[in-house]
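Labels run A, B, C and D following the written order; every chain starts at residue 1.
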Amino acid sequence: MINERQDEVIEEFEMFEDWMDKYEYLISLGKELPLIDESKKTEENIIKGCQSRVWLAADLNDSKIQFTADSDAIITKGIISLMIRVLTDSSPKEIMETELYFIDKVGLKEHLSPTRSNGLVSMVKQIKMYAIAYSLKV
Amino acid sequence: MINERQDEVIEEFEMFEDWMDKYEYLISLGKELPLIDESKKTEENIIKGCQSRVWLAADLNDSKIQFTADSDAIITKGIISLMIRVLTDSSPKEIMETELYFIDKVGLKEHLSPTRSNGLVSMVKQIKMYAIAYSLKV
Amino acid sequence: MKKINVNEIRKDFPILSRKVNGKPLVYLDNGATSQKPQVVIDAINNYYTNDNANIHRGVHTLSQAATTAYEVSRKKIQTWINAEHSEEVIFTKGTTDGINLISNAWGRSNLKKGDEVIITEMEHHSNIVPWQMICDEKEAILKVIPINDSGELLMGEYKKMLSSKTKMVALVHVSNALGTINPVQEIIALAHEVGAKVLVDGAQQVAHAAPNMRDLDVDFYVFGLHKMFGPTGIGILYGKKALLYAIPPYQGGGDMIKTVTFEKTTYNELPFKFEAGTPNISAGIATAAAVDYITSLNWDEIHAHEQELLDYATVELKNIKGLKIIGEATNKASVISFVVEGIHAYDIGVIVDKMGIAVRTGHHCTQPLMNRFGIQGTIRASFAFYNSKQEVDLLIVALNRAINMLS
Amino acid sequence: MKKINVNEIRKDFPILSRKVNGKPLVYLDNGATSQKPQVVIDAINNYYTNDNANIHRGVHTLSQAATTAYEVSRKKIQTWINAEHSEEVIFTKGTTDGINLISNAWGRSNLKKGDEVIITEMEHHSNIVPWQMICDEKEAILKVIPINDSGELLMGEYKKMLSSKTKMVALVHVSNALGTINPVQEIIALAHEVGAKVLVDGAQQVAHAAPNMRDLDVDFYVFGLHKMFGPTGIGILYGKKALLYAIPPYQGGGDMIKTVTFEKTTYNELPFKFEAGTPNISAGIATAAAVDYITSLNWDEIHAHEQELLDYATVELKNIKGLKIIGEATNKASVISFVVEGIHAYDIGVIVDKMGIAVRTGHHCTQPLMNRFGIQGTIRASFAFYNSKQEVDLLIVALNRAINMLS
């Protein structure tokens, strides 16, 4: 399931001719509806990158995790939107076992480099942590 | 006077064909009679280089300074012997005004580099200090 | 005034002809670190290729050559900053290291409960945290000179703070986030009137002009070589001889001792007392090349050129709708920080980078200053003498495009 | 065992083909600093020429590339020393800096009056003075493990010293002045039994073999890159994660903070908590090249080769009348210290240098050790894997000639 969705995203990105198109798409994703409930933008759910802030919440519904997240930087938010689309509504086990290859494939790997100060790497870590935590509950 | 003696030393060194001859001569100078009275090898007269130790004493006789000095390293001692030959028995004023060019001219400049840890540089400084001090007494 | 030939100067810096993301590199992040002329790169290369040896303790030729070269650098710095004695020039790891050396070695031996240390609202974290740490330990009080909305120190407030309790005033010469050039000479004179010492953080000054130790009459002055076209991993702490003499050593180890026994250790003379361990020899030696390079340039022309870049970029940036410049001091170095309404600095940084433009975004290690302006961070373009007006134009084009995409 | 091809390896080190005083350089001062292979020089060169930018805070391409390269080096060191976590690898200025970091940050928060710190009689000043300074401040007691005439630690004495008062044992892995390889694993295990921590000074170890953090179970391990064929001005402090986590920061400044306000500063995570300020980026990046280079060599062969050099030189030196080797431990690295009766070490150093031979003379920053042997200093020949038996022969010829001239 997760991988199907990853492949879907990869296919989508193949349409783009240059970085401009790609980033315009990302930005448009970033601009869409809020990805998280304002009430969930708490200090607890914040992940502080050096430059942009990321909020992440995870809820268990029917043995599946629902992720919601946000960022104050729009490109970061665009990437988060892709990640949520790929990961949400999956079982903890699926998430734990998944390898997020689509980011690399669509040419956004730089944003997930541990040396980036945008908070995305910490977010991915946090996602895995949630999955582990919920897997004990399921 | 001092410069005459410097020129004398320079002339002497012109005979040497290579570094071996030069250093053999220096070593032979270093081996000759003690250059300082054992009683003057006090803690007070010591100049601590990082590697070899130098002792220096200065006495005023008839408005002229008599230097005696020594070192535990024989090459250092050889150079000291040359310096004493050039400088001793001179007036404080002469010593203060003199420029010790012979060391450079005879190709021993490296030993008088401030980065050498043989104590010679501090010795030359000390010689000038003595000259200044005695010049006030004369 | 005669103009410098930027195109010629750029040839001295090999990196400036490279491309980034397929576009010619427009390097406007000089406040973070400057690029290196070929002569500096060559000096490092030559050291490792021909002369590499440890210094200060060796009798052999290589060691002597390296030692001499290293000490030549010290003298060149001495001359460049107009210090009275070469032993007032201490080699450190960088600006941060120099400040920590003083906050630590001077602070431990000079601060006591109730004493006051004054810093400013525009300090870099490197000139805040060390003072917080030592004030904490010594129960001394940290006071902060506020700034106005243009990013200038409120001198009236500073004067009110000064008292016999003031022991140290530590401030930045040129603000890395605002560009403000502080009136350090006046600040130093005022501090001296109450018997306080002054440390000036010259990290951003040295790329724009040589600081003059004797004119400033400053007690301690710190900077790093990497922002002045020299190598990374080396910096300078200048200190007045009598003060350095009186301060205990900071780090212990090789080179900083005279004699060691298990019962008693005596310390070496200045500058070695503060230079424990094998230093960054290659960088130390290449420091001479950096100083030689910058002193070979015509600095009157450079000042005019940098001023022109600053003025031109300021006007052009102000034409962009929603863009607000942070820091509009009358006396400013060629550094411009700005924010764009409704757009995150990070997003702009990412997009302009795609067009080859390197600017810095974020808090610039000045979080309290960002708080003062109620912002998370800024976009900062910082110019060096090798930047051109065309590069300003490219920045403006890229910014407009980024803002377009992001709004 | 298969032999390494020294002639081939020497070609990797450009300096080894230079002449000194008209003679081919015979570099036997590896204990002071090692020479650099071309790949390390190239890495530095390439960084400055193509990628120079500040790290950890920039969004633009150059900054990202430099940051990634810098962090790759950290991982390579982690693997090389077999550390469990990459954040246990802290970049420092060098060995001395690493020891001072621990004596300071760990010492200040862990030592109290009456506690004991144990060092050894063969320590380098860099592992003596920092402990003297902190013991002085904390009124802790510095104890010294004595050695026998061969230059080996008296383990019985060490065991007697250990008690619940022992808080730290700090000792050298391989003695720079004697060559002795200390039984650090046993020493660490014994210290742990009484709850003491152990810092090992690996400055001389790293040129001869990779130290293994997990096998040793050492708490802190320090070394510098310049003695392991890497650049100057950079070193490594390894520390167990839990210990590093608990220790307060050493220096304050950029990069080591999470948030700064004038009221409260919170510190960054490991390893950054201990890496304030812009680091030595070029050297950090070139560290990867140094590790790659040495791991590309066959170390079984190198050990055999170094042992052969040591054995051969030892026999040949002993044939020289009046020559006495200082340090004859059973377990020895390829380092030989010696004195010649009636002749000052300095004089020998000067004369053999004229013949192109670089050896170190003096106290090797181990004055207490020299006192133990009742000498002022020694002549030291320290071999690296690129040294050859022919070079030993040249040393012997030069020594004989020098002794001839000087007796």
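Following the convention adopted for this analysis, a residue touches a chain if its C-beta (ideal position, glycine included) is under 8 Å from a C-beta of that chain, and two chains touch if they have at least 3 such contacts.
All figures in this text were calculated on a predicted structure; none of them were measured in a lab.
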{"item": "Chain B and chain A - chains in contact with each", "value": "C, D"}
{"item": "Rounded Å distance, chain B centre to chain D centre (Cα mean)", "value": "38"}
{"item": "Inter-centroid spacing, chain C versus chain B (mean Cα positions, whole Å)", "value": "45"}
{"item": "Gap in Å, rounded to a whole number, between the CA centres of chain D and chain C", "value": "31"}
{"item": "Multi-partner residues of chain B (each touching 2 or more other chains)", "value": "50-51, 117"}
{"item": "For chain C, residues contacting two or more additional chains", "value": "21, 57, 59, 259, 346, 349-350, 361-362"}
{"item": "Pairs of chains satisfying the touch condition", "value": "A-C, A-D, B-C, B-D, C-D"}
{"item": "In the complex with chain C, residue positions of chain A that touch it", "value": "19-20, 23-24, 27, 50-52, 72-76, 117-118"}
{"item": "Contact footprint of chain B on chain C as seen in their complex", "value": "55-57, 59, 64, 67-68, 71, 258-259"}
{"item": "List of chain B residues in touch with chain C within their complex", "value": "48, 50-51, 110, 113-117"}
{"item": "Complex contact set, residues of chain D against chain B", "value": "21, 343-347, 349-351, 354, 361-363, 376-377, 405-406"}
{"item": "Chain C to chain D touching residues, read off their complex", "value": "14-15, 18, 20-21, 25, 27, 29, 32-33, 35-36, 40-41, 44-45, 48-54, 57-63, 93-97, 99-100, 103, 124-126, 128-133, 142, 144, 224, 226, 231-234, 249, 251-257, 259-262, 265, 276-283, 346, 349-350, 353, 357-362, 365, 367-368, 371"}
